[in-house]
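Chain nomenclature is as follows: A, B, C and D, assigned in order of appearance, with residue numbering initiated at 1 for each chain independently.
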Amino acid sequence: MIRYLAMYFGSIIKGVKSLLKGMRLTGYYFTHHKEIITQQYPENRDNVPMGDRFRGEVVMLHNESNEHRCTGCTACEIACPNGTIKIISKWEVNAEGKKKKAIDQFVYHLGMCTFCNLCIVSCPTDAIVMAKDFEHSSYDRKTLTKILNKPGSKIETGVE
Amino acid sequence: MNIFEPENKKLVESEQDFVVNVGPQHPSTHGVLHLKIKLEGETIKAVQPHLGYIHRSIEKMSEAGSYRQFSYLTSRMDYLSSHMNNQACALAVEKAIQVEVPERAKVIRILMAELTRLASHQLWWGAMGLDLGAITPFFIGFRDREEILEIFEDTCGTRLTMNYVVPGGVMVDLHPDFQKKVVAFLGRFKKRIKEYDDLVTGNIIFEQRTKGVGVISAEDAISYGCSGPVARASGVSCDIRKLHPYDGYEKLEFKECIETEGDCFARYKVRMEEMKESVKIIEQLIDNIPEGDFQAKTKNVLKPPKGEWFTRVETARGELGVYLISDGTMKPYRVKFRSPNFSHVSALEHMSKGGKIGDLVAIMATLDLVIPDVDR
Amino acid sequence: MNNEELKNFVAAHCPEAVAEENTEWLNVVVPHDKVRDLLFTLRHDPNTELDYLFCLSGVDWKTHFHVVYHLESKRHKHIVVVKAKVEDRNNPEVPTICDIWRTAEFHEREVFDLFGIRFTNHPDLRRLFLDDTWGFPLRKDYQDDVTIVSL
Amino acid sequence: MYDFSGVTRGIHEFLSGHFSPLGVTLWEMVIAGVVLLLSLVLIAFTLGYMERKVAAFMQLRLGPNRVGFRGTLQIVADTLKLLFKETFVPQAADKMLFNLAPIIMVVVTMLSLAPIPFTETLQFYDMNIGVFYVSAVTSIGVVGILMAGWSSNNKYSLLGAMRSGAQIVSYELSAGLSIIVIVALSGSMQFSEIVQSQANGWWIFKGHIPVWIAFVVFLIAGTAELNRAPFDMAEAESELTAGFHTEYPGMRFAMFLLAEYLNMFILAAIGATLFLGGWMPLHIGNLEGFNKVMDFIPPLVWFMGKTFLIVFIIMWFRWTFPRLRIDQLLTLEWKFLMPISLVNLILVALAVILGLHF
């Protein structure tokens, strides 16, 4: 009888203790506002903490004189698992009078991209990189199809 | 010889049967799992899972991609252990084309895999609290997981579907800050895991909700194909990292966490222990990552010979098998993913029969179901 | 038991079984009507005791189907791969094994769903992922111009 | 020191100058009703905001902080949103009961506010069976829940309503028993007299262990009667999606919410009145200076402070604990709370009879 009573009250005390433990933790967080981890997104847009290698979208690098490094070898197009990249090439006559293949349009369907990085890795001339921009939402799906080479841009000299 | 007795699988037998649809949109199914449960009052009489709401036929899609391409899809299966999924595919391809992975890549893979396991278990811990009605654990679990995801973001560029592990090694080298950040995180996390215990483990309500609930015996666990923490909670030794080591797990010191009760609380304890073991593994490796290449030299187009290979990897949820068949071309002939959650769903009815609705929720929480992994 | 002993064991119990060469684990191909007996023996014989069915998959070899059973013994730690060969493409049938391993129930439903291989005596053979009007997508002759966009 | 009777007398005299006695009574009732409704909405808004902030801080979040100063107007914005939502009735629902249920919930809640003394003079109706009246009226609320659950023609709703019925009926007992402890000690069922009996010390200080036990039991049973976590079996989000109000849209849903918050306030107010001395300021023995300072704080502030303290504790429970299972819920009541409060009541009764209390 005494044993059962002791067990009965023991279980109550143990239970209440365990509950108070949890309440102590939440009480601690309630009173310690420095532990808050919320980030205020649109306000901190200028300094959103982001990894250096964050994959936001594929962009093509251009230098000051509007030159890119893409030779139009279609390695990225082949490497892409879901047909995000489409390279439309044209024939160009270079200074020596030779006909040479060059890109006309580097079409990039952002809506299909899974940011798997396979195109970047496969690019032999490092023409494309991943940019950090992540605010891609749009009301029109057409805006997600981008042409990465800037109008009038040329291939950098010396890139084969 | 036929010991088989057909059960009546028809759920609604009469008008008196009270059949409730749990899901496909239900707060506790963590996705689009659809369960039909037959109730008698609060007691569950039968459970029938209906799958396929998020079936994308990843196996079919894998047949269309090259050997480098198909593994990125597996990040979308069990998205909480995407590193391990990618690793399993990479291991299968490496077995097929017989490439030796550099030491540095192996260590990076293990580090990433264990961090993923940690992150996955943290999410599970939070979500389990949510399922049992405590909302605060969710935020505490996510706070810690966030730090791991930031480490991933630094190195891999993505937070959830990394596609970091590729055939031959890893995609890019570690971020220069990786080691510093991981050490700092581990220091914080080792203190914070005590909070986990304070808030949930010792809590009397939580213990009452989980002890003796959803019991599955060792034989049943094996027969139902359970693996990972679910089987280990029933006393089945099934850690692939121990039984069939890959990527250098055999050199590491860690314990296989085994409980024998087989109930929800045992599964909880196994996962909590696994978090501590993962921390131990990371600590063993983080200070001595070998120098060298992060990727073996492989041909541009991978063309394995005819044949078939099976690799098994321990993900956060259990055993992931990749069954790869090649016909000698540059695309896989057939890829089969043996996902751990698929077997666990089939064991759901066995575990929850005779319990209450609250028990079903607790069982699903401790099975740690990821529905895209079930449907694939 | 090692692979050689397992091979002899399988050969003793199922003479029709053909072992494949150069494989990591023992692979045996068995006609579909013999597979149930062999699997039952492998499961219940104390020398093999393959109690853990960790993978059950279908493979379409264009001329025939394979239903592949990956089995492991938790006690003896050996692994056997049994392949049931189904010649009849129009009406493929394999006896069910979901009374031997409970997990097979869902796996067989998956194979039925994706390959159209019927498992006789299965208690609940319904489509698992897809609806009843759908074809069998993992068959190599599956054609679907609407939902499959080839790149 | 602070007295509302001057204001009420002023209004009464102003009205008497313009209307016949019957008109005065009617106008006074209208004014009282409007004041009551406004204050109730204000209280519910405050509690809603408080709950969000408390939850946020316990969960390492900031909580609402966009609408108004630090998010104070968020709840107003939400109410407006709910007001503009379509109020549909499910086709298979029992339309009359479906529409009636939220109204019953709110009306019952407002009824039970009548005898609670906010201050000595600010009390709507000081009846001599106040405690009895409150516990009688609040238990009608379960009818509203059962009606909502049944009439929705939804299985989740029905399960939630049934759970809630079992739960409230059981927890009514121990809540009532713990209230009786105070009734026995103070010797009255009238709220004003109970408060007066605590003029020389609150019951929680005077009553020692039995009152502490009664207070804890009251808190637990009260939380259970409110259908709040960890006893939110009727809603049980992860099990029954939203329980009895699954099918309720827009403003009808808001009425359930209003009723929940008001019930929480009423429970806390009763707890504050019975155990913490209501509007009585805190006095410590012979510390004259201290007591003077305490007297200087208005009684309404005392009352509200105590009430919100209890509300905070109830919220603290909610954001810390997992939910119980339905059978454990009933086990807790019938095997733990009920016997404890019975024994406790006997102890108190003996103490009162033998004159042992202070």
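Remarks
Please note the rule applied: a residue touches a chain if its C-beta (ideal position, glycine included) is under 8 Å from a C-beta of that chain, and two chains touch if they have at least 3 such contacts.
If you're wondering where the values come from, they're calculated on a predicted model, not measured in any experiment.
Chain centres here are means of the Cα atoms, and by that rule the chain farthest away from chain A is D.
Across the two interfaces under comparison, A-D and A-B, the one joined by more C-beta contacts turns out to be A-B.
Measuring from the average of all protein CA coordinates, the nearest chain centre is that of B. Averaged C-alpha coordinates give centres for chain A and chain C that are 41 Å from one another. Rounded to whole angstrom units, the spacing between the C-alpha centres of chain C and chain D is 63.
Chain geometry summary: the mean Cα position of chain A and that of chain D are 50 Å apart.
Averaged C-alpha coordinates put the centre of chain A at 24 Å from the centre of chain B.
Looking at chain A, one finds that residues 19, 22, 25-26, 37 touch two or more other chains. Contact of a single residue of chain D with at least two other chains is seen at positions 58-61, 319-321.
Annotation for chain B: residues touching 2 or more other chains are 136, 143, 199-200, 203, 205. Against chain A, in their complex, chain D makes its touches with residues 54, 57-62, 316-317, 319-321, 336. Those residues of chain D lying in contact with chain B across their complex are 55, 58-61, 155-156, 159, 163, 229-230, 232, 236-241, 319-328.
Residues 22-25, 37, 40, 51-55, 57, 59-60, 68, 70, 74, 77, 81, 96, 98-99, 101-103, 105-107, 110, 114, 121, 123-124, 127-130, 137-138, 150-151 of chain C touch chain B in their complex. Note for the complex: chain A touches chain B at residues 14-16, 18-19, 21-22, 24-26, 37, 49-55, 79, 81, 114-118, 121, 130. Chain contact summary for the complex, chain B toward chain A: residues 65, 68-70, 72-73, 136, 143, 146, 150, 152-158, 161, 163, 166, 171-172, 175, 195, 198-200, 202-205, 207.
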